[in-house]
């Protein structure tokens, strides 16, 4: 395990490449989720993935993170294989908190090895405060509301020193105010050390505000890339009103609305 | 258990009343979620509840459905107490599907007693098709995507012959297209037999399109009603562009954005 | 994460370890050197064949199988009922737990004395078996019931499922793994207990009686032969149970 | 949904059922009429007092307690290790299961002699106890490991937790209820088995020997007195275990 | 069965023999299903252990059984109505050792002696003989108990035990299968110490008072049948051992050599009374519990 937490400098050397992969779940093998599917997500950029429910977004993330292996084809991502020195931080579609640990411990656990006990605690508390759970650090997951659990999971994903961040609908189940805060928070954190990020969402506004590359997957299996939009506006200070945004919004609405 | 599935005609006689209730969770008794809280949700109308994460929306629904008992005060809702003849259909914040049953069975189970085996099956399949899971009826929950599970739960809530429907962020984790379809679906179903409905959401547009009464809860404990907006536009044919809508949207943004 | 191993690979490994066991046995028997303590595997095997010819053998086996079956079934029914009861109502729990823990704790030796007075020697082993197994299963089931996902029960309650429906659709499936786990280990104990009790209470036809008789005559090879029989019996029973367990659909049990 | 019952209410119910048990005992003993078969509760109680005065009594109890403790601890360690192994690697499973199922299935009767040859009579009961308990615990733990939530394990894997971390933070807490459930019932069986084995191997100092001795002399009252001792012992042990279980925080175990 | 002595009324009785050598005595009776007449139907069963016999006696299921003499006495004093009808076997215990240097009792000092049944007759007898020979059973020797004689033979064979105190026929099995041989004869020793003429009574045949009152004549018939049976067994070992296997007491192979050595012998209640009382009083001195606190009165003996 590498101790150095990569910074922008060498981040450029990373990126995510799916090369002509195919994948099907054993018990639904008849219709594969992906077939001869290729995709490149540039390093040090935020790639947003949109697509109808059930099209394969979560599967895609699991393939990238290495939880699933493609039936054929080849996937490259920093920290995908156990033994390479990179690290991937994953935000699952469900909070996935350990029921038997307080929210704080839940975060410390993933940090310990990299930051040591003391810093883990500091970091955990720092990020929990950022997501507005400052006064709930000692609660057990069962004692939190749905959205609070989701935020705890977000704190964990952000706190973990990774080269690549994969997020599966991170801001679902959150109210507007929080969504906005967290979107800003993410941008703020992201510009510090531009880590390669993949962001699955259903919210077109999020896609516009966060995405450098926006991929829209097709419904039905196998999934394909329906559309690939690039947005070169600088992250900080993006608005939904800029005409790039409005123009992108139109295109996305046409595809998804 | 009543066999007759109530229709609009006598639905008027129902409504939800919370009278000066207080509630705190045993292990966080120090700060109660509600104190001297009162609220009326009219019968045969859709009441929408908005509010920041962790303010008490789910708790409120659980109090109404009777899963939680208020520490003090009094709650009245058709079908709340085991022995009254009304029925409540609940859509929880998580899908809560039985892992050991196929999606179809999951719905049949709650219908059997009221519709009998044959009709239960028909109904289950009907609603599953409506939410776009027609080709996944024999899948087990673990084989479905997050959004698909959510939709299965929605089908169950809609299919269940109840006088009152409580829905906790039903359309979360769904993509825009689906959100729109399901919102329309709900409206379509609702106008048929105007059942008293409570609808927790974070999506202001949903609130505007579906709500007759919109309640905004305050953050922090105890929760209070920050705002109560009534929208008398007819459900069918509501748009986000009508000036009522735009005017409401403004107010809500001010409160939540 | 689980390492995937092919069926055949498993078979091979299993075979190897069994072979290893036989080898050690053979080795020790040579080392000890006298048949009346530990005869060689093949000796035992031959003796096994010779006793299997006798018709009395099959009657004895049949009788023991019946006893164990009765013992297990009774324990299962009792344990299931008691476990569900104790798990779901603390009143029932308070009511039963003293009796259960007495049955759980009274030494077999003391009970056998009474059992022999109350029942014919044929039934004593069944009785003892129940006394030993039933508390185990109860504990398992109780554990399981307490572990049922509250959220799913809430679901059942809000949708007004009848008690029986909640029971059938939610409680039972959640408890099953616990019960089967318990039963799986109970079966092994069951055979042991029944045979031990047979040795003490000496029914006319019983594997235990066979064991005891051949030991009285210092026929160690025969003792071992009977032992092999016992082992095979409980393997068969476990094998059957496993088939049963496999037959359960609802495998993908998360989400 | 669980019915809430107050501590005192529970106490009362428990007390009642215990009283009921005593009453039935008394009734039956009157009905049977002879002390040799079933002495009255009070007779047994008096006899208990009289044997407790003897210093040998306490030594015997101490010895038995030690044996059971050893037996359980060894079984626990073995069962835990084997269970984790078998649950998490089907290779290990294939390798161990034959041996385990043999230990699970060989009748005590057949093993006890080898035990006597290998160990001193003091240790034989421990050995037998392990032979009986360890497979139960293994099965329980294995069950538990297989039941660990795959999603949480995935979490651990993606965040690159070391094997030990995944084990400590995810596997152990998920398996705990199974282990404790198993242990809870194992303890009861443990006492039974140890005492039974003591009756057979008759160490100088042992509750089992006491039982056996008084049984030889048809001192049923004394047999029962020893029985009561055994029952109290295992109640104490279970009580202690329950304290241990209670001490576990991480209670709100859903979500 | 009915309690009434009315002549025509039928009485059904159950005669129980034990597995193991003590059962030899009844071989002929059981083989021919002997019927005593006088409207008494006898049924024969085989029990696994004395304990089993005792429980069946206390519950009145059986009318005749073979028991260790002290157990019989104890049951009598406890008022479980069974009388001693005859002695069916005398002591046949032996001290074996693989150490031939042991030639007299005092030389057992420091030895570890294996025997069965703490609190059973052999246990008491050995203690008595040791004490009489100036040894302290607690300090000078170590007594290791097991549950069955065969185990001891196996322990001898395994070299785990070198000195053992076991009854026939196991002593014989030990001699043939292990390095250990018979070194001391407790029967002789006890006769020497107590100045008695016969080896001490070991197994006795008891009859239920119920039967004796209802059909004294039948009871007498049964006793004489037992005498005949015993004599038959002793005088034709071959047929006897065959019968023994057929009944299921033991295998013929094991039984045949056992018959002559197992101390099977018929002594009527009258003739045995003196020796029985002497033996019981010996136990009484050692541990009152072993015989039920006091010697049984003359009513214990069924003398027809």
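For clarity, chains are labelled A, B, C, D and E in written order, and residue numbers in each chain start from 1.
Quick note on the criterion: a contact is a pair of C-beta atoms (placed from the backbone, for glycine too) under 8 Å apart; a residue touches a chain by one contact, two chains touch by 3 or more.
The model shown is predicted, which means the values in this text are computed figures rather than measured ones.
Shared contact partners of chain A and chain C, listed by label: B, D.
Each chain gets a centre from the mean of its Cα atoms; the one farthest from the centre of chain B is E.
Centre-to-centre separation between chain A and chain E, using Cα means, comes to 86 Å. Averaging Cα coordinates per chain places chain D and chain E 38 Å apart.
Averaging Cα coordinates per chain places chain B and chain D 50 Å apart.
Rounded to a whole number, the gap between the C-alpha centres of chain C and chain D is 16 angstrom.
Across the assembly, chain B contributes 27, 94, 143-144 as residues in contact with two or more other chains.
Among the residues of chain E, those touching two or more other chains are numbered 51, 55, 58-59, 151, 154, 158.
Residue positions of chain D touching 2 or more other chains: 37, 113, 117, 151, 157, 199, 212, 215, 252, 254. In this structure, the chains touch in the following pairs: A-B, A-D, B-C, C-D, C-E, D-E. Those residues of chain C that touch chain D in the complex are listed here as 1-5, 9-11, 13-14, 16-18, 21, 37-38, 88-91, 93-99, 101-102, 104-110, 113-114, 117, 132, 135-136, 139-140, 143, 147, 149-151, 153, 157, 177-178, 181-182, 184-185, 188-189, 191-192, 195-196, 199, 208, 211-212, 215, 223-224, 226-227, 230-231, 233-235, 238, 254. The residues of chain A lying in touch with chain D in their complex are 1, 65-67, 79, 82, 87-90, 92, 94-101, 109-110, 112-113, 140-144, 149, 160.
By the touch criterion stated above, chain D contacts chain A in their complex at residues 151-152, 154-155, 157-162, 165, 169-170, 173, 250, 252-255. Contact residues on chain E toward chain C in their complex (touch as defined above): 19-20, 46-49, 51-52, 55, 58-59, 148, 150-151, 153-154, 157-158, 170, 173, 177, 248, 250-251, 253-254.
Listed in rising order, the residues of chain E touching chain D in the complex are 51, 54-55, 58-59, 71, 74-75, 78-80, 117-120, 144-147, 151, 154-155, 158, 160, 289-290.
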